[in-house]
Amino acid sequence: MTSLFEHFKAMARLRAFDEACLDGFHKGEIHGELHTGIGQEAIAAGMIPSLEAGDALVSTHRNHMHGLAKGVDAHALMAEIFHRETGLCRGRGGHMHPFDLGQNFSATGIVGASLPVALGYAYAFWMEGRANVGIGITGDGGANAGAFHECLNIAGAWKLPFVVVVENNAYAISVPIRHVLATPTIAERAAAYGAPGWRVDGTDPEAVAEAFARAMEHARAGRGPAIVEATCQRFQGHYEGDHDSYRSRDEKRRMKAEHDPLAITRRKLVAAGDATDLDAILAAAKAEMAGILERVRGEPRPDAADALRYRFAS
Amino acid sequence: MATANIRNLNCSQVIAEAIGLEMERDPRILVLGEDVGRIGGVFGATRGLQERFGDKRVRDMPISEMAFTGMGVGLALAGYRPIIEIMFADFVGVCLEQVYNAMAKIPYMSGGTVRMPMVVKTAGGCIGSAAQHSQCLWGLFAHLPGMKVVVPGNPYDYKGLMASALTSDDPVVYIEHQSQMGKKATTFRAGAVVPAERYTVPIGQAAVVRSGRDLTIVTLSACVEHALEAAETLAGEGIDAEVIDLRGLVPLDMATVCASLARTSRLLVVDEDYVSFGLSGEIVARAVEELGPTALRQVARHANPDVPVPAAAALEQAVLPGPASIAAAARRMAARS
Amino acid sequence: MTSLFEHFKAMARLRAFDEACLDGFHKGEIHGELHTGIGQEAIAAGMIPSLEAGDALVSTHRNHMHGLAKGVDAHALMAEIFHRETGLCRGRGGHMHPFDLGQNFSATGIVGASLPVALGYAYAFWMEGRANVGIGITGDGGANAGAFHECLNIAGAWKLPFVVVVENNAYAISVPIRHVLATPTIAERAAAYGAPGWRVDGTDPEAVAEAFARAMEHARAGRGPAIVEATCQRFQGHYEGDHDSYRSRDEKRRMKAEHDPLAITRRKLVAAGDATDLDAILAAAKAEMAGILERVRGEPRPDAADALRYRFAS
Amino acid sequence: MATANIRNLNCSQVIAEAIGLEMERDPRILVLGEDVGRIGGVFGATRGLQERFGDKRVRDMPISEMAFTGMGVGLALAGYRPIIEIMFADFVGVCLEQVYNAMAKIPYMSGGTVRMPMVVKTAGGCIGSAAQHSQCLWGLFAHLPGMKVVVPGNPYDYKGLMASALTSDDPVVYIEHQSQMGKKATTFRAGAVVPAERYTVPIGQAAVVRSGRDLTIVTLSACVEHALEAAETLAGEGIDAEVIDLRGLVPLDMATVCASLARTSRLLVVDEDYVSFGLSGEIVARAVEELGPTALRQVARHANPDVPVPAAAALEQAVLPGPASIAAAARRMAARS
């Protein structure tokens, strides 16, 4: 089992990555939008122990942490976010559209569109009789899209190795999920697909890790799909530049004070008497990501003359 | 109009004003869409409306576009005049079914016994969000029969065309340009003055926004401002460009275009949408059909060269028309003539 | 409560209507496709007692019986199916696209597309505080489309008066629903939307009537959506001309011998000692529909010169 | 080719044969769609394949097009070469998202690091099923960049183009014409002989299926046969029409079209798709761009006049091109010249 300390280390890297992106964004170095996962680190971190290289993970507009959890190279990912030729997609995709064939990782900017692609992988693994899993990430908002239903039904009917992770951060942009959800939880929908569903505290990496491990075992064992709903809070606006007027000052203050997965985990480690210098862990993560950012800054951007390349193979 | 010259709204405010005026006038109008209520739209074009008209008439929807676009159809059948907001035009792929097979076809399929006074309001165009959040897609909507396709390009038209869309008995797709939503009215070269009162701009009428003798630039949406800027530059070089703002695709006002071409005999179509199988080809084809092939001395198109919009700024700039590239296209024509 | 005899009468008319259409089809009088509801009469018949004029009903490609149940004029509907100027839609729509504003009835040829439109009506009724219901019909196959999920979730979240009737005839064209459904029944999915769901024998008009009445009361009372799944058999091929090779001869023989709602109901009436001449009822229904067909046959078809009319109001 | 002249398959059998040959050759090919397995497709174009290749490689899907089109994308990412069957082109409105924002864009968005060898196979065109089951929509697909759009019009091409689609590393939309699926090969004027062996027809090459001096009819799909029939009639009246089968829209083979126009200088585009903002306008525009406006003496389009396909036969006939209406359009041009 992964120790809480290991989770902390993983979370520190995930946060530092997105903070480096934020830094660049606020210096005007990213053209276009940016969605960070800050506040949601425990979910990606909790997935790491159960992810195998052969598994496939398809994420959303808020995908950096999932990419890192899946083993995508941090430099290649950051270079893509900053639109460099050295990026995963040579700067063509941008932060919502990273593709890493080697890691079976991809994402989409269209809400709900991640799940069908993950299901395609699940079908492939099932056909091949491989004990791998296709994992689709969605937000709470995305779970209301029709594709959620279509995919879980198919996976349920044929017992495909398909796991849906719902990052329930309580909002789809400004719309509170509780205003637009027919049931108290998303996880309970699993019964409609003959699948198990677990709702866990997504600020607790151990809770996520346990539920995700259970879901992955279920899927790997050929028993069909599973849903893991992890509740969490998104610290930043929906995207950088979002006025975020839909959450009160108080709500945002409490969110950071009470629901920060790094702070919570740190308190637990300290309470358990862990002697490690946690500040050093944070500093090392920061330094790693700052180093990557520096490297990215020096790398070339795509040349306008190449704008028509790559549209067709032939 | 006394207040007109002291108002400096941005385009999203102008649209919200238009919708508000129509909602006051007609209780059958309502707005369904993601984030349209509490925050008044991600681009602000419905700001303040939920407070004024309540959360039934201005409703924040879950991310279930197929359901709520179809709800628009049902509401229209039930006697309402729904505005359905699809946040970005790019997202229409999840609900096109209800747009083209239901909304657009029901009037005809019903033999005229049913009208579909429904507005699909969406934002197209590019502000740097790459391939899945930067598309115009007006060519796609226009290809599918049964809906009017309205694409304003300045504050005056944003307001007046929304009023017309909301009084039309036909389904209307109303496409804003993302980049214009936060742009102040007074910064526009055309249509900068927006009266506070209600007025309408007729659907299906193009506007000559700049007169010129040497060539006719036919365009719409944000490219109208780009073309006007290009025309100013060109004027300094002795090239006198006429600029036509189509203001929409369906119905397509070829009379205005052809009248201009009859004088200039040079056609440059500028379009931020993909070049092939869309608006720009249609303009060229109709001009040739209506004036005869020999009436035109030059024809050129300047549009996205059929690639997804790339993320990197330099690439993006290379594939989308802007003032400099439009001027360059016009210069190439001038050089050849 | 509607008597079994009344149900029989209603079913007789429904079957006679589609048999008249079949007659015309096989004489080459219908251009294009035809989908009949023969074998499924008990469902539409069972809905009649609970349908009010102010309710709205949105149906599928297999819609004739629902239209008649909702009060659409049989002549106008048949004239549309035979593409006459006197048809509901002046012969423009055809049998998959009847629109009757007066009866709040419409249909679509796209599977899954009926429910969102019905939900729009439900929203209207809810807004107006009217005790009316938007009813969406779908087949078993259509219940796997994403729109099913999106609509039921919205209705569940806001307690909209929305009833989904699933005509489960066990097949979507050639695909058996049991091969592509994650759960034993469709009705049990209702829990995922905070709604009640009932599965009933759709060859028994009384069972349908009872479940549908319960669902409608639930919706009318402001308690939100409900699902009624009615199992049945489709006697004809999916469309006229379908080779229907996916069902064995034996399966088709048993289907007609054992699952004919008219024969079942007739046996019950006879067993209960009902003295009415049921053959006379059937003959009267046949005569009514044959008369309508004769009338339709004499009516004018649309004029080619009018092909461009009605595309826009202005 | 000894067997070629004694084979009289219909087009759906030819397609099934092509897919079968490719599936034998390449274990990465699989077919997902509604009714493609047990009954081999509602039009029969996958008949017999499930028996040969098993129910994993030829899979009957639930009515969940968004899911299984996206599965195609995932399968292509996982190294497969999926064929996704969308039963009728009209239904693409429920899953266009995965077609245009994922399948078509991933190669470009990934900077060429990912290829999408995926085929969306669908049936377009009209056989009398009215507005929601009769659309061609190839203009819609072609407008959206990143996918090749292949539209065969005869048995030989149905087979050879399917083979090419299944060996292409690019995403391909392959559109059959409903009316041709049950049509026997020997009844075709062009491409009636279908070798039993594997062969390919290159994507993006038009074919001159009839040579003529007086005008060039540019068309595709079922209208090729209509045009050939019309040309025979016209020949009897002294009008000698050249007929070009485009065989697809993307890439568009304008070289063949322009070579013909250089001789005839009269262009008649015939298209069963909606006339505006689609294929026919694009052909006219590119011809004018490439040859110069003055090279063409006459230009005309004959296509669906932007109405949903009506149910009644007489109305349907009035809006769709057929042999008689094509001949009439050509005669009108001849009369004017």
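Just so it is clear, A, B, C and D label the chains in written order, and each chain counts residues from 1 on its own.
In this text, contacts are C-beta pairs under 8 Å (C-beta built on N, C-alpha and C of every residue); 3 or more make two chains touch, one makes a residue touch a chain.
All values reported here derive from a predicted model rather than from experimental measurement.
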Looking at C-alpha means, what's the farthest chain from chain A? C
State, to the nearest whole Å, the distance from the C-alpha centre of chain C to the C-alpha centre of chain D. 36
Centre distance in Å when chain A and chain D are each reduced to the mean of their C-alpha atoms: 41
Where chain A and chain C are represented by their mean Cα positions, the distance between them in whole Å: 44
Interface hub residues of chain C, defined as touching at least two other chains: 89, 91-93, 97, 108-110, 113, 144-147, 150, 153-154, 157, 179-181, 311
Mind pulling the residue numbers of chain D that touch at least two other chains? 61-62, 64, 66-67, 90-91, 93-94, 97-98, 101, 105, 108-109, 130-132, 145-146, 306-308, 310-311
May I ask you to sort the chain touch graph into line, ring, star, complete or other? complete
Residue numbers of chain B touching chain C in their complex, please. 30, 56-57, 61-62, 64, 66-80, 82, 97-98, 101-102, 105-115, 145-146, 148, 168-170
Touching residues (chain side chain C, partner chain B) in the complex: 56, 58, 87-93, 97, 99, 101, 104, 106, 108-110, 113, 115-125, 127, 134, 146-147, 150-151, 153-154, 157, 309-314
Across the complex, what residues on chain C touch chain D? 31-33, 80, 83, 89, 91-97, 108-113, 141-142, 144-146, 172-175, 179-181, 243, 245-246, 301-308, 311
Chain D to chain B touching residues, read off their complex: 66, 90-101, 104-105, 108-109, 130-132, 139-140, 142-146, 249-250, 252, 274, 276-282, 284-286, 288-289, 293-301, 304, 306-308, 310-311
Can you list the residues on chain C that touch chain A in the complex? 144-150, 152-157, 179-183, 188-189, 191-195, 224
